[in-house]
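In what follows, structures are represented as structure tokens.
There are two complexes below, and they share chain A, which is joined by chain B in the first and by chain C in the second.
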Partner chain A sequence: MHVPDGFLDAPTSVGTAVVAGGVVALSLARASRRELDERTAPLAGLVAVFVFAAQMVNFPVGAGTSGHLIGAVLAAVLVGPATATLCLTVVLGVQAFLFADGGVTALGTNVVLMGLAAVWVGYGVSRAVVAVLPTRPASVPFAAAAGALVSVPAAALVFVGLYAVGGAAPIPLDTLATAMGTWHLLIGVGEAVITFLAVGSIVAARPDLVHLARGRMPALELRTPEHVA
Partner chain B sequence: MSTPTSERTPSPTRPRVTTRVLVLVGLGVSLLVAGLLSFWASGHPDGLEFVAGSLGFEGSARDSATAGSPFADYGTEGVSSGLLSGGLAGVVGVVVTAVVMFGLVALLRRRSSSRD
Partner chain C sequence: MGSGHSSHLHVDGDTPLHRLPPHVKLLALLTFVLAVVAVPSPAHGVLLGLLLLAVALLATTRVAPRHLAPRLAVETPFAIFALVLPFVATGPRVELGPLTVSEPGLAAAVALLLKGTTGVVAAVAFAVTTRPRDLVRALQHLRVPDPLVLIASFMVRYVDVVADQLRRMRVARLSRGFSGRSVRSWPVLAAGTGALFIRSYERGERVHLAMVSRGWNGRMPVTHPLTATRGQWALAALPTLVAVAAAIGARLSS
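This part shows the complex of A and B:
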């Protein structure tokens, strides 16, 4: 999904860069006020590293096409949406500057697609799904998988929207939307599987660290000497 | 599922994975994924590249300003073995991402705790 330089014209790229800058500023404030505390902060570092690593592994989705994890919902469910935006921004920055993956002038576009659209659409879906599932940590990986599935085509359709505003080459938009939506729904299936496994592992090991599991922990039994006596 | 109750509800006495162990295991897994598993990644174009190719707008892509980076396209300049070249690039990426993100989190934590 990494947009290279040149797909979108300069004004659109400037616009997405400004939006991305604003979103990152808001996310820094929200993450430090509401999401990162002493216990959960180390998980944020781990999530960014894992997302970088997993994004290197393209999986085939058929007809000579491949996809890789975005990790937006994986991050949002584990460490919160604002921290997820920061994780994705760090990963996209490292990829653009060190690995020439995703354009430098397209960095704002890529942050908007993967660090904003995929994070918040997917996280919104996961929140809605977890609300109707049984109140326990084991529900969280299923909600995460549902959000992950939706997050990839959502980001792809936001790209189509941006292309409608400032695409460099004239392409019929309905054709572009169909192609982007279909392929990225397929990639979304892979996203859902990887997200389920990764979130499931953390939920199994340390449900108390998982952002979306907050308020879903089994009530702890109080065993004080007074109760025993 | 006939799991005994004692295994379903974590009791305070059950030894739990410490955050340090969890993060170290996670970093180890990430190093293996980026440094080794990535060698077997599919080389097919990704969804966007494929669509751009089939609809005929891939030509508008320009080379990135960082295309001359020694790690461009997840290879290591001067290393001929594909396994080693990609693996080194992956390890470098993991280390750089870790330094930046753990550093950012530490910075945010310090600022918010000095405000409290």
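This part shows the complex of A and C:
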């Protein structure tokens, strides 16, 4: 699902690379302030490896076809959006340079689509949804699913916007937006279901690791058997 | 698609591309592909020439074609888009055998295939001649911010470990009679993904503690700084210069 070289013209590619650089700089500042410090770089590295590995899990759709997770909202819900942006940026960079997946000049575009649009739109929706749900850890998977559902078509529509600026051929934009939006809404449904199930299993086992569940954990109380006291 | 990355592409060898320092090669790759993308789309002959140049560069790596072919398949989704393009694009129509297609759409589709393939071929030439470790050193040398370099270094170091873990979890599922063929298998696979996150995170904690106990202070020491001679820079700049000249020439003549 990565944009290759030549899909967008050179000025647009350079422009998105500049935007991506700015986003990464802001995420570095925010991640070091709120989500990680430089001591925890190994943790962020292993989260990046996790995102990369999670994309390798094939989810059968039926009729012999299968899809895979994008993982932008999954990462954002688990470790926070700024760290997720950094992890996805590294994953996309490693995929472009070591696996030839996604164009090297389109790296900025891919970071804008997945590291910026999918992560932050999805995380914003998740935050909004979790704010209106009851304050329990069990609300978190629903919020994550809502964010994942929106994140995929959001990234697709940002791509349509970029295509309008620097696309290779004149395609009627409303057709492109409808086709991309509808198709990616379907992909988003799959992403939402998988994110819901995965976050649900993590919240059940280790809710303390889930960034979005912070402040939603039941307060621990100290109980002393009466006959001891 | 991001699926199917079993292991990285690097193949050991001793060719000019293998010997180039990684930071030189990285800059050469980026500038070459950027120049190719900047060639105006109607200049199909120029683009074809640059594609052949990229193929020639890939051929100098002496890596077996059978190792390379699966890598070139990453293009498939966009090749399909390129095939659809002539039918959905607007503009004057042109006869193509029994079909009537959009003229700018057809031109753009050919250019898109040529540029995309050139990009993939050039990136594969980089990937097969560069160790993952050297990519990280190149990023560090090129002043990429430390946290990103660190994340990238842990990623290339642990990707095979985590991929192995994923494989063991798959074997465990299969040996318990699991067969994932439909959507009904998603809860199991998704719970496995969740378990993989917890295991990766806990591995990160263990790695971090092990590093702290060995004197980690938040920075990777540079043990072997990268250097490059003028000759190596000049050699690496050649394809870029050809592509820039081609792009300028095609722009002037169009």
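Here is the rule we use: the second predicted complex is superposed on the first by the 197 of 229 C-alpha atoms of A that agree within 3 Å, B and C clash if a C-alpha of one lies under 4 Å from a C-alpha of the other, contacts with A are read in each partner's own complex, and residues count from 1 in each chain.
Simple rule for what comes next: a residue touches a chain if its C-beta (ideal position, glycine included) is under 8 Å from a C-beta of that chain, and two chains touch if they have at least 3 such contacts.
Small disclaimer: the values here were computed from a predicted structure and weren't measured.
Applying the stated contact rule after C-alpha superposition, one finds that A:I171 touches each of chain B and chain C. With both structures placed on the common chain, the touch criterion links A:P42 to chain B and to chain C. When the two complexes are overlaid on their common chain A, residue A:P60 makes contact with chain B and with chain C alike.
When both complexes are overlaid on chain A, the residue A:H184 reaches chain B alone and has no touch with chain C. When both complexes are overlaid on chain A, the residue A:A156 reaches chain B alone and has no touch with chain C. Judged by the document's definition of touching, chain A residues 1-7, 28, 31-32, 36, 38-39, 41-46, 48-50, 52-54, 56-61, 68, 86-87, 90-91, 93-101, 103-105, 168-169, 171, 175, 202, 205-206, 209 lie at the interface with chain B and also at the interface with chain C. Of all the residues in chain A, the ones that touch chain B in their complex are 1-7, 28, 31-33, 36, 38-39, 41-46, 48-50, 52-54, 56-61, 63-68, 86-87, 90-91, 93-105, 156, 159, 167-169, 171, 175-176, 179-180, 183-184, 186-187, 202, 205-206, 209, 218, 220, 223. Those residues of chain A that touch chain C in the complex are listed here as 1-7, 9-10, 13-14, 24-25, 28, 31-32, 36, 38-50, 52-62, 68-70, 78, 86-87, 89-91, 93-101, 103-106, 168-172, 175, 193-194, 196-202, 205-206, 209.
On the chain B side of its complex with chain A, the touching residues are 9-10, 12, 16-17, 19-20, 22-23, 26-27, 29-31, 33-34, 37-38, 40-48, 50-52, 54-57, 59-67, 69, 71-74, 89-90, 92-94, 96-98, 100-102, 104-106, 108-109, 111-112.
Those residues of chain C lying in contact with chain A across their complex are 1-5, 8-10, 26, 29-30, 33-34, 36-38, 41, 71-72, 74-75, 77-78, 85, 88-91, 102, 104-105, 107-109, 111-112, 114-116, 118-120, 122-124, 126-127, 130, 132, 135, 145-148, 150-159, 161-163, 165-166, 180-183, 185-187, 189-198, 200-201, 203-205, 207-208, 211-212, 216, 218-219.
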